[in-house]
Structure formats: structure tokens, C-alpha cells
Amino acid sequence: MMFFLQYVIRRTFQNMMGNLFSNLITIGIIAISMLIFSTFTLLAFNLTNFLKIWEDKIEVIAYLKRGTPSSEVEPLLKKTRLLEGVETVRYVSPYDAMGFMETKLGGQKNLLEGIQPAVLPPSFEIQMKKDYRNSTKIKEVVAHLKEIPQFEEIQYGQEWVETFSVLVHILRLTQWILGGLLLIAVVFITSNTLQLTISSRREEIEVMHWVGTSPSFIRIPFYLEGLIQGFLGGGLAILFLFLLHQGLFLYIPPSMQAWLAKIPVLFLPLETIAWILLGGMVLGFFGSFVASMRVLKYK
Amino acid sequence: MMFFLQYVIRRTFQNMMGNLFSNLITIGIIAISMLIFSTFTLLAFNLTNFLKIWEDKIEVIAYLKRGTPSSEVEPLLKKTRLLEGVETVRYVSPYDAMGFMETKLGGQKNLLEGIQPAVLPPSFEIQMKKDYRNSTKIKEVVAHLKEIPQFEEIQYGQEWVETFSVLVHILRLTQWILGGLLLIAVVFITSNTLQLTISSRREEIEVMHWVGTSPSFIRIPFYLEGLIQGFLGGGLAILFLFLLHQGLFLYIPPSMQAWLAKIPVLFLPLETIAWILLGGMVLGFFGSFVASMRVLKYK
Amino acid sequence: MNEAMIEMHHVFKTYPSQISALSDITLEILPGEFAFIVGPSGSGKSTLLRILFCAERPTSGEVVVHGIHITQPDFKKIYQLRRTMGIVSQDFKLLRDRTVNENVAFALEITGHIREEAKSKASEILRRVGLEEREGDSILALSAGEQQRVAIARALVNSPPLLLADEPTGNLDARMTLDVMEIFTDLHQKGTTIVFATQFTGLIKRYSYRAIRLLDGRKADSHKVEEVKATG
Amino acid sequence: MNEAMIEMHHVFKTYPSQISALSDITLEILPGEFAFIVGPSGSGKSTLLRILFCAERPTSGEVVVHGIHITQPDFKKIYQLRRTMGIVSQDFKLLRDRTVNENVAFALEITGHIREEAKSKASEILRRVGLEEREGDSILALSAGEQQRVAIARALVNSPPLLLADEPTGNLDARMTLDVMEIFTDLHQKGTTIVFATQFTGLIKRYSYRAIRLLDGRKADSHKVEEVKATG
């Protein structure tokens, strides 16, 4: 057993060194494929994360009739809080509204100079429960709100909610399509290189058959080669992705960094990294398996 | 000559058919590399295009002192127009400002109900000449504007202008780095496959040398193979990119399409397509050239 | 089981292109025997050896080697059978990018000998065929006759009970042929069964071993096995 | 220029591993001559032919073929020289994945013959070596002797003025050897220069051509060129 392992490792090494250039290329190609895939995974991960933060911000604004007496506000707040799907409700006074407008107008806030807050309507900012943060459920809640007579108008980012759903949908779909394509590509590429490795060793393999080498002695080194290629390819991809991720921050000017700081740009969690490495190995193995099925017939 | 061409084409065909699988893989890999590159080119093309449209929108807003008599507006307009770098100046009355705020606030425009336009300040929207649309030049113009006493405040999207410059910078840099990397990758990959093609034909090439085949008879078919691989890879990349580009519109929900309609999403111009195909061929050729340098020594 | 080392019963071999290489061959080779297979070029000598070596399957008939029916062998087990045989192929089947010693040691390594042991055993057998000075050279650096001797060394290194040699002296000069024949005679005396295919009738005249003559392989009905006892 | 077809002046060939294969060889072969190169295995016969064929460069000395100094030839021009020679290599150098006819036609095609012409010319020469029935078979489907005849056919198909044959009858039985020798004799009578390397002294005894004997290649100082005239 010890001997077998030693033999297999030596032979795998010999094989890889003998076709060093094409091995490097294969590893490079696997790395590129995996890099594309994992860049995408990273993007999806961050986008999902970002969307989750954003999702939390989906809210319904109910404008109260101008001049609603403040005594009515408290019971109305209670009533609204009890509605199905509502998580929190915050009262926005006309003064708060003024502040909000100033922020929103940013550079052009001078426009507001001389405006009295009193002319602005008060409003409720209503946060939905997690499960209610999608277009159909929100519509139901809004319908309930509209039944309350003290509200002048109900507003919510309907467009955004819809776009959000579509975005998530596109993202998931692309992930699967792209992922599938790249996986197939990696298997093909590994299989191809190994097939070429094997055919460049055809003479040797023939001689091995001739002197009575057992099939597993011939095959296992190729399987191992595929595994190693996949592992190194995956590892390189992750390393490169990490450098890219780090480099992003170094390169971005301070002004944008402040902006990015608001959205946390995370790196892939360890578990995902492990999966990517394992995936690379499985793909590499599968590629070498396919190759040996095609080329390594016993003679 | 006729005979030579016929021979070269037949032999190239034989070579490619003999290693059909690895040829398909090479073409696929070239296609993927070129696809990444051309996707990037397309993105850069559209972004540049988009930025150009956006660039046109860079403007300086000069708020006039509240209550500036309308008789003073006309001479002030003239004076501003004569400043260096200024292209057009548009007067925005308080009523126009009201309309602008309504648009800007979108869903929350109810906030403005009951506000009198008269409380808003009038302003000038100043368009810069093309050459002045960058942060240093704009600053110069703003300095001149500040010297005019009738202006209360001068505002311009300084942050955006800076971000814009950085974006263009990053874009250009990435294009060259990515482009360079991918080009090298394509040369390597083509070179590798052709090297493997050549080694799988080693015996044959040895025999060819043995019977007195001229070196060009041996090499030219391999060069042609590289050329064809590059061409097909490039072609596939463009075809795929085109399908992606078209598919984008089919898949996007109507609500987003309307939004996209504002920014024209163009496909690559014919000239760029020709360059990509030519580039693929040059790379393929170069790959086969490198391979034959490495493997095809005359014996 | 049977006491014969090799048995062939009505063996036919017709290649896909309708070439009949062997037709109705029946023969028996006993353990420890030295048998020449003689016949002109194309008479089926190599085909016969390849069938014994499981590198080719007979079209019909039965073949038993070491008491094992190899007519329809388990593909996964062929390698075990091969380890009990040494074969000298007519085209040598050596590894071009390895040295002489590596080529011979290779056959030992894959059967589980550790590297150093394989190397020294290989050296020993190479000395026996007179190539002790060429051990470190690449196979490509050898003349045809030298390559043939490496092939012989590799076949012998495992001390197989059965030796199949296809024209093993075809590239050797008269003196070397004598040397090799001496090695073979020696092995024969130690009990190794030897099947020796050759077209050089000179050899069978010189050595008084049993000779099985194959006739022109192109005419199917003329395939016959004849026993030719040559005298001294 | 010179009137000799082949001239070698004090040619030495020492391989990188310090093996002296040829040492101080001086010889001259005239146009139209038939010359045997004889010597035991490893005496440098193949090396000598490979030098004439520009597949190997001599370590020192001068070699002239067709009046061209090939000691330091222009690499780009070697192929033109090779087209004036037919060579039968000791290891055949045939294309394994092509048919018999394709292997022979190949040598014509690359010199500019159109395909059909090459094919029919190949058929003709293959008939001459007795392989007319095997034209469509793959090289792998041939016995060693048959492959050797394909190699001979390929060397002859271009009707080269100089034929270099390295052990061309090594895998042929007695009858076929006679057939091949007849072809060679025929070519010789038509004016082809033939250099025929072999270790079978039987041949040079039977044919009364000039024989150049190489002695054991291992001892550098024993390399000598002897003229051996055998009698009928």
C-alpha cells in the first residue's frame, strides 16, 4: 500500500512534469473559469447581501391629512401598528419632513430657504415584516391602510419592489446558467488536457500494458493529476479573487471609499471557498475520468 | 502554387479532423476569452457612450439673490455667457424651480403642496464648453462666477465630476490590463493546443522530414490551423455576444426596458467586430508560430 | 486442469480485412519445453505469439495457457497472466524517453519491487546480455541490435516461467545470436518454457529443439502444424 | 566538383555519451556502384548511413554527396538533398495511421505530384514488392516483413539516383530476400547507386559486389575500412 502510494505520487509527478507546459495551461484555464464563476458568486453574494440591507428599507409612507390634530396621532399609530404585516411605524412630523427634503435635495437645498415646515404634511413611515416585503403582500397591506380615513395618501416604492424581484430572479437564473456552462467547460478542458497527456504517453501506456501493469496502476496517476489540476486551478482562482477584492479598495479614491463603506463589500465565506476548491477537484477528477474512459482502453 | 494551396488546405483539414476534440476545445476557449474581452469592450463602449451623454449634463447652477429685480436678469445672462468656457446659460425662474423639485421628489411631491413658488430663488443653469467639462477647468469657471455679486451661491456636481474622472480612468486601465492578460492567455492556449497537435503528429512529422518534405509544407498547415481557430473563436465570441445583447432586451421586464430606452444600449460597430476577428486570427497565428518554434525543429 | 503449459485446439485467426493468419492450429507445448515456431514472413508467427500473450483474440478455437482458458479472458485479469510471461516483441516495445536500465527496471517496479531493488536486478540482467556499459543511455542512443538485447533483458528480468520470443535474434549478428541462444538454453535447462518464433532456418538446424513450422498464411487451407526435428 | 557519388574523408563520429561509432573513415563510392556496408551489430553501419542522409552530423571529417559538402549543410536545404536519395530505415519509419498505399504515395505527394498520380505510381511499386493485395490495409495490420517491404517501396517510388538501405532484408525470409535483391540488382543495372548496410555475411558471399567492412565500433582505433571482394 505504502509502495503503491509512493509509486502513484512519483508517477503523477513525472506525468505532470513531462507535460509541464500543458499542465500549467490547464491549471490556468481552470483558474480562469473558476475565477469567472467565483467572481460571479462573490458578486451575487454581495448583491444579495446588499439587497437584504436594502430590502429592510422598503417602507410604506402614509401622509396624514394636513392639520390632523396631534391628539389623533397616537391612537392612529396604535391602530396602524396592529395591521397585519406591519412591523414598526414611525411618526414623521412636518419638521422631520423638512429635514428629509433638505437631505434629498442635497446641493440644491437652497431652494427650501424661506419655506415654513408647517406647510408640509405629517406622515407615518411604515416598516413591513420580512415576509411582507414583496409586491403582492405590500399591496394587501396598502389596501388595508387606504381604508383608514385619516390618511390623505399612501405611497410606497412599488417600482423598486418590482425591479428588486426581477433583479433577484435574473441573478439566480444567470448564476445557474453561467455556473452550469462553466462547470461543463472545466470538465471538457481538464478532460481534453488529460486526454492529450494520455495520448502523448500512449507508447508508454502500451508498454505498461505489455509488461503486465495492473489497470489501476495506469489510471490512478491520471485521476490524481486531474484532482491536483482542479485543486490548484480553484486555489489560484480564489487567491486571485481575493487580491482583486483587496485591490479594489486600494485603487478606489477616498471619495468613493466613503461611499462604499456604507455598503459592506464582503469576501466569500470560508465555507464557500471550501466548496469552490472541492468543486475544482471534483471537476478535475471527472475530467480525467472522462479522458481515461475515452483513451485508456486495455489492450 | 495551386497544388501547394490544395495540399495545405487538405492537410490542415486532416490535422484539425484528426484532433477534432481538442480543436473544438481550443476554439471554445478562444471564444470564451474573446467573449470576455469583447463583452468588456462592449461594456466600455456603452459606458463611454453613456458617459458622453452624461458629460453633456454636467452643469453649474448659480443661485441668484432672492428678489433680484427681473430687469437685472437679462444683462447678467449676457455677462455670464461671455465668461470663458461657458457654452449656454438658461434662466430658471422660481416657477421652473418648483417644477424641478416636484420631479426630483417623485413619489413624495405631496410634501410641496401648499408651497408658493415665489419663496424659491431663481437660478442660472450654466452649460460648459466640451473642453471645460472636467474638475480643474470647472473650478476655474466657478471662481470667475463667484466674483459676480448678484449670485448668492454657485453649485456644481463636484463629487460627480471627480467620480466620473476616476471611473473613466479605472475603465481604461482595466481594459488594458484585462485585454493584455486575455491576449496572452489566447496566445498561450492556441500555442498549447497546437503544440499538442504537433506532438501527436510527431511521428508523422519525423517521417515527413525523412522523405524530404520542405519545411514550409510542414509548417504552413499548422499556421493555417491557428488562423482558423482564432477566426472561429473570435466569430463565435461575437455571435454569442450579439445573442446576449439581443437576449438582454427580450428578458428584461417592460418596466426596466422603458428605463433602458433612455440610455441607448448599442452593439459594437462593424469596424470593432472586424478588429476582433482579425485579432483572433493574429493571436491564433501567433500561437501556432510559437508552438512550431518550440516543437518543429528540423531534423 | 491439464499438464501442458500451452494448448491450442483448432485455433483460427482471421483479421477484419479477411486475412487468415492462422487456420486450424492445434498444438501442445509441455512445461520446460523449448519450441521453435518457424515459417516465412507473414506466416502467422507473431499472430500466434500475440494470441498466447492475450494481445489478440483468436477468431475461433481454444487456447489454454498455465491451465487458464484465455480464449475469452477477463480483461481485468490479463495483466496477472502477463506477469507470468516474458515477451520479446518483434518491434521491441521499449520506452524511447527512458534509459536502458529504466526500461528494464520498469517491468519490476510495476509488480511491486522497490526502486533500488529493481535497478540492481536490471543491472544484473543487462550485464548478462552484454549491455553493462550502456545502462545510463537513452534507448534512442542504441543500435537496433542493442535495443533488441534490452528487450530480451526486460523479458527475462522477472524470471518468468514462460518466455515468448518473437524473432529475438533478428537484429543480432552471428556472434551475438550465439550469446543469446546460450542464455536461452541456460534458462531452458533451468526449467523455463520457451517459445521462439523465427524465420531463420539456420537456427533450427543448429539447435536440436522441437520446431513447429507454419506454412504460408495467405492460403487458409495450407495452414498446418508440422513437427520438424532437426539434427544437430 | 568530383566525379564520386559519395566521398568520406577521415570521418569521425563520437556520440555525446563518448561512444565512438565511427573513427577515421575514408571511402569513395562511384556513381552506379553497388556497395555493401558490413559489420557486426553496433559497428556503426546505421550511423554511417544517417550521416550520408544528413540525419546526423559527423564530429569531424568531410562528407560529400552528389558533389555537395554536407558536413555543415544549410538546414533549410537538407530536404532538397533528401529528395535525391531513397532511404530504407532500419526501423522503417512508416506512418502507423495510414494505409500501405498512402505511406508510399506520401513521398510523392510532398514533392508536388498530384494525388491520383501518386496513388497509381505507389500501386505500381507496391506490386513490385509483392504487396498489391495489401494496399488498402493499415501499416499496423502488416507483419514485420511486410512493413519492411513497404519501406523499400517508399524508398524506390521517387526513382532516386542514390539508394541508402539499412538492413533492408532483416525481416525477410530467404525467398523474399532473393526477390528484393533482384529488384536492387535491377536498379543497379539501370544506374542507381546503392549503399546496402547489413550484418548478414551470407548476402555478400552470394553477390559479388564491393563490400566495405566496419569493425567493432567500441574500440576507436580498430575502426578500419577494408575492402572485401567476395567471390560469386
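We call the chains A, B, C and D, going by the order they appear; numbering starts again at 1 in every chain.
Here is the rule we use: a residue touches a chain if its C-beta (ideal position, glycine included) is under 8 Å from a C-beta of that chain, and two chains touch if they have at least 3 such contacts.
The model shown is predicted, which means the values in this text are computed figures rather than measured ones.
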item	value
Partner chains that chain B and chain C have in common	A, D
Chain of greatest Cα-centre distance to chain A	D
Most contacted chain pair (by C-beta pair count)	A-B
Computed distance of Cα centres, chain B from chain A, in Å	24
Centroid distance [mean C-alpha coordinates] between chain D and chain A, Å	69
Inter-centroid spacing, chain C versus chain A (mean Cα positions, whole Å)	64
Chain B residues counted as touching two or more neighbouring chains	none
Junction residues of chain C - those touching two or more other chains	none
Touch-based graph of the chains, sorted into line, ring, star, complete or other	ring
Pairs of chains, among all present, that meet the touch criterion	A-B, A-C, B-D, C-D
Of all residues in chain D, those that touch chain C in their complex	15, 17, 19, 40-42, 46, 90-91, 136-137, 141, 143-146, 167, 170-176, 199, 201
Contact footprint of chain A on chain C as seen in their complex	55, 75-76, 78-83, 85, 87, 89, 93-96, 106-107, 109-112, 114, 154
Partner chain C, residues of chain A touching it in the complex	3, 7, 203-204, 206-215, 217, 298-299
Residue ranges of chain A touching chain B (in the complex, touch as defined)	21-22, 25, 28-29, 32-33, 36, 61, 63, 66, 97, 101, 104-105, 107-108, 110-111, 113-115, 119-121, 152-153, 155, 157, 159, 162-163, 166, 170, 185, 188-189, 192, 195-196, 199-200, 251-253, 255-256
